[in-house]
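Labels for the chains are A, B, C and D, by order of writing; each one numbers its residues from 1.
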């Protein structure tokens, strides 16, 4: 399933880019992310905790930057497997930056998420609803983070 | 495969609350278990302790009291569906129950369990909210009550604390000249709602809309009241144009998802159709009342 | 830890010990050998496991066995009286209301529960009565015809 | 209806009925053997990946686990049901190097109980190297698409071409040509009993497998291929089977894994697939992209048709090769096209393999063909029934180079449906009746399996008390074939149905039979049983003639267990008395008859075809697009009716299944993952959704069939989706070309129509 969003912020594009490239910026925006640690300059690992009603999931999560075209485009591929084998989940995130009028940058974001295993069987309906929300939170976190660190 | 757990079957509310206090997050409350067991069989929920409240008879009742109707949380769906007093005074509730899952599920599943599951596509909550229900929760430190519409916080998340139990659903007396209607749109008759709509209307002089509650199910992370849509109709003489406007407004207020059953767009379109349709039905019921 | 489970099944009392995570359908099938009760899904959707518990139909795959403690159960094996089939069973035979037969025990139990509760159901009520049960073979209408025949009194209860 | 029969055409109880209504019928699901273990299968969560390493050590350490096997423990053979063509045998079942869809099996565990086996699955560590995957056949045929199988160009698994006449020339002569595109969805069989098997391999080297199957013989042979155990050392037993619908005649993971686990342990192993596995890791109906070109004269005479099809094959060939052929052939059905061309391509994708499902490609071709025919009729201003009358097949018609149709009651069916629609009179607003014609085969004349045996064979034995035992390899999967075969035997011998017992689907005691697929058993197994019974009857008659001392010019017959002179029915002897004496006279040997049937010189497809026309009435809520199936009337001919209760059941059941195909059943996917692998999420028609049904049986006689009978099983699944589409069009004027026709699609089409109108 695909989650898309975009927002604009007032900041120089290079500054936004640099911040995005800092290890862990993206990963730490993932809702429920804990203990994100850089493995190298392109890869970081951590634990993601998620809860949907009565279900709590703890995922071992790895994210790798796979396509970097400064200062406009980046692609990160993430992979999580649930502790207790409830399922695995893959995520592919693309962030595109575009300068627009008035010194603003448009941050367009799309993330493709795929869940397999028992988690997925639980219900397309619930997981999709959850993913939509997590996606929105991610965008929100990213925007907040960028604005507080780079914006203004 | 259901993981092993320790099972407690308290006979009284007090015993149950003591167990909840003791085990807190490590336990899960089961009553009919019609939703919970599905998750447990998938291994997605695996509590070490289960507090089984099915046998707490003090929580299973339907009482017709001076200030309205009281339904105990462990009352089965089927008991509500067949209750003469509910059929007479809150026919919409009985009718809603006849379309909830299957008879087998309604025989064993309970209204409290359904409400606490917090499924935004569940049938009872939209109707309860439309009827102005109040939910009472008990913990070892006492009781508290809240309007049913405040109960759900998010997808499958409710205001119920881990140490609390839902004990009672109270329905106020239906004001005169009032009517309620509920329907769900689905592709297979007995299925979960693709979109559910409940509407309660109180008619004033000249059949104007004195008061209205619209509740949408499966249209947002929780059952929701599109209050702007209600405002379109409240205090007005209802016309087709106003109803259409209310439908449009409700559709923009809703926050539905796209899934394999329906796209977000289609869900909004259904809301546009069903809100006017159900308001008309509720008005017709009010006139009959 | 196993817990005591006292149930009466088809009139026979049993005193068992079961793990709390055991489902009622598992006790019936595995402990008591009453394999007429089937399992067709894992999501309370198909109704093949339907049995009667204290006179009402439940999906035995969605009831913890210990929750049935103290209850009286009837399974498909309990419908016939000795060598005499029940009216519903005879009607199912006459109307071809089964094909592969895997859903049939559940269908019979839902039908039985319906008629126990409401001996004169309308056609719509009959349809509702078996709506919790999936049959992939018959298309349901022959089952409705069988129930109708029983309701009309075409079959007598065996003495 | 003819009354010359004493048993055929009677409303009887199925011979296994009492077992089924009392819960005593034992399915594989119910089989428990001493010392039995339970197996579970680990499946790939990835649509396409190399298996780098499988670590089973932790799983093996778990208390209660007895064995863990992976592809390395197999002989590494690839199997497939198209055994004549080794390149089409492409499925290992337990993958050794590569997984090709989400659900491909990689390991199996045997343990003391199901929970332990399942726990062990979590302890198996599989290291995968993910490969790019392709899910849509239209993508898979592109030059740079990922390769599902090495060396298969453009992922094209099979191509099929059928042609007669001069299609291009004929299109030039047409007054009107339509070109339309359609998309047919997938569908799950949803047998109530999931795939299961209990395999028991003994120290004596013999393997016995109880399994829910449509063809015990196929499973026996395929297991022999995969394990190198001699065919006759494998006994496959199918007693009661909880539905098949096309899903249960190929070797499946439950059978194979149970067999190799048992082989390893010399203990019985039972594997029951979960409902999720059933949805994701067994076969399913073939989704198809269809492009149709149809040309006609002004008067509605159809001159030429061209069909081009690309099917989503999924990861393996399975029975999809047959589905590709049959959809092409049945795309010409049931009309007399003088010029016809079909090109079909089955394309490998990284999705669950697609294969046979009731109707076998014909529900797809009937949906697209009948939809387009209605559009053509409208273009030409001709009534839909009329255009079908004008072009419909008639008895003794030859489909050029393909098939010879003997009996055919299509025109009577059209008349009946025409009458019926007129009787329904004026419909309420937003109601509409749509029609669709169809035909189907009575068993296939294909031997891609490469069996050296007759397609059907039977042995009939008459015991001293006059009771008759029928031994047949046919499989009763719920369709009632054992009852049908018993009725045929009883009719032939002139005895009571109660005097016949049937032993079926057990390769240890029954002669081979290809099994229950392609609607073949009534005609093929029926002919075999009839001939075996005839063999017995001749032996009895010889003895009776001698005993009665009748003039040799007199004919004898048996009716109601009374052996008599045909011209003087009152002169005769009791069947029971003669049997007793005959056995004594044969030195104590029971009377045995043998019969077999293999079609010869019957064209390329089938020895006989059934026909019908269906009318579906829908009621549409134009505000939401939600519609209800109100009434389904089917005029149907299947030759002599053997078991009328059975035909009703087949027909009504087909409406549940085919109505579901038209209305709501679908398997949406996301990157190769089926999104609704549970009955909660996979929508099925239930009793409240089921329309009223009516059957108008048309009398025909099929010379090739036993007592004139032909198929009445799968063909009934063909018309409904097309008739629903046509009914929606009649009701509200919108046409949906992709299945299923969901309310949302109808809603969107209605909006489009409004917009166009506004302009």
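A few points about this structure:
Methods note: a residue touches a chain if its C-beta (ideal position, glycine included) is under 8 Å from a C-beta of that chain, and two chains touch if they have at least 3 such contacts.
Just so it is clear, the model here is predicted, and its values are computed rather than measured.
Counting C-beta pairs in contact, the chain pair with the largest number is C-D.
Centre-to-centre, using mean CA coordinates, subunit A is 47 Å away from subunit D.
Put simply, the C-alpha centre of subunit B and that of subunit D have 44 angstrom between them. Once the centre of each chain is set as its mean CA position, subunit B and subunit C turn out to be 29 Å apart. Counting only residues that touch two or more partner chains, subunit B has 38, 42, 189-190, 260.
Residue positions of subunit A touching 2 or more other chains: 84, 121, 124-125. With touch defined as above, residues shared between interfaces to two or more other chains in subunit D number as follows: 276, 675-676, 678, 680-681, 684, 686, 688. Chain contacts here follow an irregular pattern that is not a line, a ring, a star or a complete set. Every pair of chains meeting the touch criterion is listed here: A-B, A-D, B-C, B-D, C-D. The part of subunit D that touches subunit C in the complex is made up of residues 11, 13-14, 16-27, 29-30, 189-194, 240-243, 245, 274-276, 477-480, 645-646, 648-649, 651-657, 678-680, 684, 686-688, 690, 692-693. Within the complex, the subunit D residues that touch subunit B are 114-115, 118-119, 623-624, 626, 663-664, 668, 675-676, 680-681, 683-686, 688-689, 742-744, 747-748. Residues 2-7, 9, 30, 33-34, 37-38, 40-42, 50, 52, 54, 78, 98, 101-105, 107-108, 189-190 of subunit B touch subunit C in their complex. Those residues of subunit B lying in contact with subunit D across their complex are 1, 38, 185, 187-191, 260, 262-263, 266, 269-270, 273-274, 277. Across the complex, subunit B is touched by residues 52-55, 84, 86, 118-119, 121-122, 124-126, 128-130, 132-133 of subunit A.
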